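Questions regarding the structure given below will be posed in turn.
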Amino acid sequence: MKKLINAVEDVVKEQLEGMALAHPELKVNYEPYYMCRADAPVKGKVAVISGGGSGHEPMHGGFVGKGMLDGACPGEVFTSPTPDQMYECAKAVDSGAGVLFIVKNYTGDVMNFEAAAELVAGEGVKVQNILIDDDVAVKDSLYTAGRRGVGTTVLAEKVVGAAAEEGYDLEQCADLCRKVNQYGRSFGVALTSCTVPAAGKPTFELGEDEVEMGIGIHGEPGTHRMPIKSVDEMTQYAAEQIIDDPAYSRTVREWDGEQWADKELTDEPFAKGDKVIAFVNSMGGTPVSELYAVYRKLDEVCRAKGLTIVRNLVGPYITSLEMQGFSITLLKADDEILKLWDAPASTPGFVR
Amino acid sequence: MSMNKAQLVTWLGKLNDVYAEKKEYLTELDAAIGDADHGINMNRGFGKVMEKLPTVEDKDIGTILKTVGMTLMSSVGGASGPLYGTFWMKGGMLLAGKDELAADDFVQFIEAGVGGILQRGRPELGDKTMYDLWAPVLEAMKDEAGNASEVIAVVDAALPVAEKALADTIPLQAKKGRASYLGERSIGHQDPGATSSYYMIETLRDVLAG
Amino acid sequence: MKKLINAVEDVVKEQLEGMALAHPELKVNYEPYYMCRADAPVKGKVAVISGGGSGHEPMHGGFVGKGMLDGACPGEVFTSPTPDQMYECAKAVDSGAGVLFIVKNYTGDVMNFEAAAELVAGEGVKVQNILIDDDVAVKDSLYTAGRRGVGTTVLAEKVVGAAAEEGYDLEQCADLCRKVNQYGRSFGVALTSCTVPAAGKPTFELGEDEVEMGIGIHGEPGTHRMPIKSVDEMTQYAAEQIIDDPAYSRTVREWDGEQWADKELTDEPFAKGDKVIAFVNSMGGTPVSELYAVYRKLDEVCRAKGLTIVRNLVGPYITSLEMQGFSITLLKADDEILKLWDAPASTPGFVR
Amino acid sequence: MSMNKAQLVTWLGKLNDVYAEKKEYLTELDAAIGDADHGINMNRGFGKVMEKLPTVEDKDIGTILKTVGMTLMSSVGGASGPLYGTFWMKGGMLLAGKDELAADDFVQFIEAGVGGILQRGRPELGDKTMYDLWAPVLEAMKDEAGNASEVIAVVDAALPVAEKALADTIPLQAKKGRASYLGERSIGHQDPGATSSYYMIETLRDVLAG
């Protein structure tokens, strides 16, 4: 295992210490782990918090700052954080206007954030959990834990963060976040595996000429393996999985202020004429130069399908340690989303 | 015979040993159909339980169970963290003030715990999760307790059921948790969470047998 | 070779096409290759141009925009661009205030930029070539082509770009650029090699437990190889190479408006009490999370040596394709440099 | 016999073939002490020369040489691009208007070209660069031309000198260019640029010999 680390058990802590030193505009708490804006709570503003396993940097900690997140809770590498982290973080950043948890749809994240929401609500703090489940590689929600939360998370943190900054109240933030999730779809491709420090060896083995299609962000295997193809072919495949994805329905559980309530949600497919934000992401080990080859083809496929890319984001924003590969996210962009996308942001990992 | 506090404390200590010993094995099971962290998670969690235990050892069983639950909840992470956290916490809430458990108390603890797992994870039978172990185990325990039996008899009755239920997770296709993303590829592997749950019963049996 | 590419001979062109599509605020020219601000020439402003082999992205093309570069000239992968590129680019961006070429000290880059300067001067355009030669892994300049230009280039493009935006004239820009170069020092470490697409196999072989110390940015071997150590040890070594580096003297060739003139330059070593900008860079395949472990130790070493980090930059900015590894750059920061460092910038790869 | 335009054009065509054939070999030489692109660079450059050649084939030798130089300059890149670009351009400037070259003209072309290399790269003898080949080659050519010889004799005289000079680059430690960063590790490898220069002389000899 070749990594810039000391002892495997200190990886997350020491990386947080590095972030704290490099970014005095963040406050980093170690027991339990969370980071938040040093100027939090921001008076009158809804607090937006996300979190998840470490190993996806800059997400989420790198998106803490004005215009994006108020706080982030990092778990161990690829392991969801625990409720006490979200609880302490929420208490540190809540200004009284309530807390929105942006939760990627992984069983662990969902359950830990649910437990956290109960704790936070128990203290009389207004709280909402909104799921991101945008990974079209997962086809059904009946026989699985549902679509994983991937690239759309980054876009949601930008858009909802800007909304909170503009004065949206908690319910408006939650509605917007739900809309962004329903408007966003992603698909990922791995060229190499990645190594969890504590495990010491790659999570899966991939042949010299193989790629893994339809991956999540934890080095888990995808839907299928195939020989590596040209970037045009792989991009076209990924883009079509997203653009041709039919309506997707599932039940999500949201906190209604008193208790958990099931909600039926259906994401409509993309339609000709849609404006989209295109996000081409590196899984960590793929350099930005190669992402532009993906973007080139993605633009062509979108045009051919009648979608217009009106904004884009190209770079490593939601990663799987040092994995080589890419993911594509398309987010249907209405005027509200576009305006918030263009709003200023000032975080270690995203500046506008 | 009922189960006393010393036995509970011994159980927890032995569980810590077991999860240390089985860390790699549980992680390998999880590598096959999940994300290769279940052994690491359980080991970290029970390590923390050992750190916390001395501060509550002289309290009542309810407090001890609640502390175990809260500690697991805030140290295991992943899916199993809130599930086991809830499992032990629910038991603790139920048994507040008790210093020993009759067979009935014990079965109520397990029933409350399994109820917690159901509430949190909403697993269904056959989803290939720890619930596929706890559901038949709880039935067997209830049946045995109905005979006005002792705790050790209740656990004895549950052990072979647990063993079978564990093996029965192998042919299942996962429909909850990370393993569900593998679809049919999850078939043929033993569920890591059911395995760590099995150790809880097996270890308790050893403790009670002395 | 696992890369997101189509045919190897189209790699650079297609990546440029992707950039052009993603960034309409840039103008990309294909025959010959250069990219420039779409709004260039900017009236009255000195034009700052850099260039070099491709494979170091986001440098240089990703730094074209308000507050940094007016133009960039990409060569083939790891091969310096040709004089016609710089010539055409200079003609496109010169507003009459003259052109500053920022040149990394590699024989190829130096000679091609010199030829370009002659061509540009021949058209009556004011031009200056300033070298960046900051790599302390190269010890002497008598028996080598001199120190390579590495991390300080990024910082120079930011600082000098801001100065040009603020109205510095050509000579002031050149003086500032020379100062930044003289104030900056870098050292790089490779964990893995990288593969030039046209070559198809890794430039060097590195054992599973080995790292290469003192590398440049073209996958060239470094000063020595050693077993991989903890991030603390590797960071300490790299930081000490930089901080303990003695005065460094060499002769550079600059255009005096009429002809080439040799100039003796001596870089003073760092001194206790210096304020520095610390730049921790990924070689491309190392994720930002690991860079923060480097930063953590770097901060400690700097403190111990009496240097104060007053600003920092952490991320992949000057890369070697998909190579895993890092480099550290320390730049002594006086008030002028700090003010310009803090000035706004709006480019695909660097936003302030 | 002097060298005529047809021979010049044949020379360039054959050089293109040689650099195509030796692309891998030159690149391997450069991989050992440089950055593994010299063969790719030369191959790309002479490919471009072939594209441009038809547009100037009927012009004078000076124009052809200048075009070769400008084409190499704007397509080879790296260190060798400006060096070879200057080499051919300087010759072209000198021989403007000529349709054939006497031995004297030819040696002046080489002298001007080597002067260009010196001016651009400032190599010194023993730095392990193409100049270590061109310096003795130019001397040998001058000597032979002093005997009022023909172009073919001049090249003939230079060939063994070039061969020896090429081999002599092997034990040298590089002090210019990328290879210089290797320090003593550059010893024991043949210089790629000297090798591509050697092919220029060897190929011309073949062309002139018919």
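Should a chain be cited, it is by its letter among A, B, C and D, assigned in written order, with residues numbered from 1 in that chain.
In this text, contacts are C-beta pairs under 8 Å (C-beta built on N, C-alpha and C of every residue); 3 or more make two chains touch, one makes a residue touch a chain.
On a predicted model such as this, the values are computed, not experimentally measured, just so you know.
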item: Distance between the centres, which are taken as Cα means, of chain B and chain A, whole angstrom; value: 32
item: Cα-centroid distance, chain B relative to chain D, in whole angstrom; value: 79
item: Per-residue multi-chain contacts in chain D, two or more chains; value: none
item: Chain A, residues touching no fewer than two other chains; value: none
item: Arrangement of touching chains [line / ring / star / complete / other]; value: line
item: Complete list of chain pairs which touch one another; value: A-B, A-C, C-D
item: Chain A - residues contacting chain C, complex; value: 2-7, 11, 14-19, 21-22, 54-55, 57-58, 62, 191-192, 208-209, 211, 228, 230-232, 234, 284-296, 299, 312, 314, 316, 319, 321-322, 324, 326, 348-349, 351-352
item: Contacting residues of chain D [partner chain C, same complex]; value: 27, 31, 34-37, 40-41, 44, 73-83, 85-86, 120-121, 173, 175-178, 180-183, 185
item: Complex contact set, residues of chain C against chain D; value: 32, 53, 75-76, 78-85, 106-108, 111-112, 114-115, 138, 143-145, 148, 196, 198-199, 203, 216, 218-221
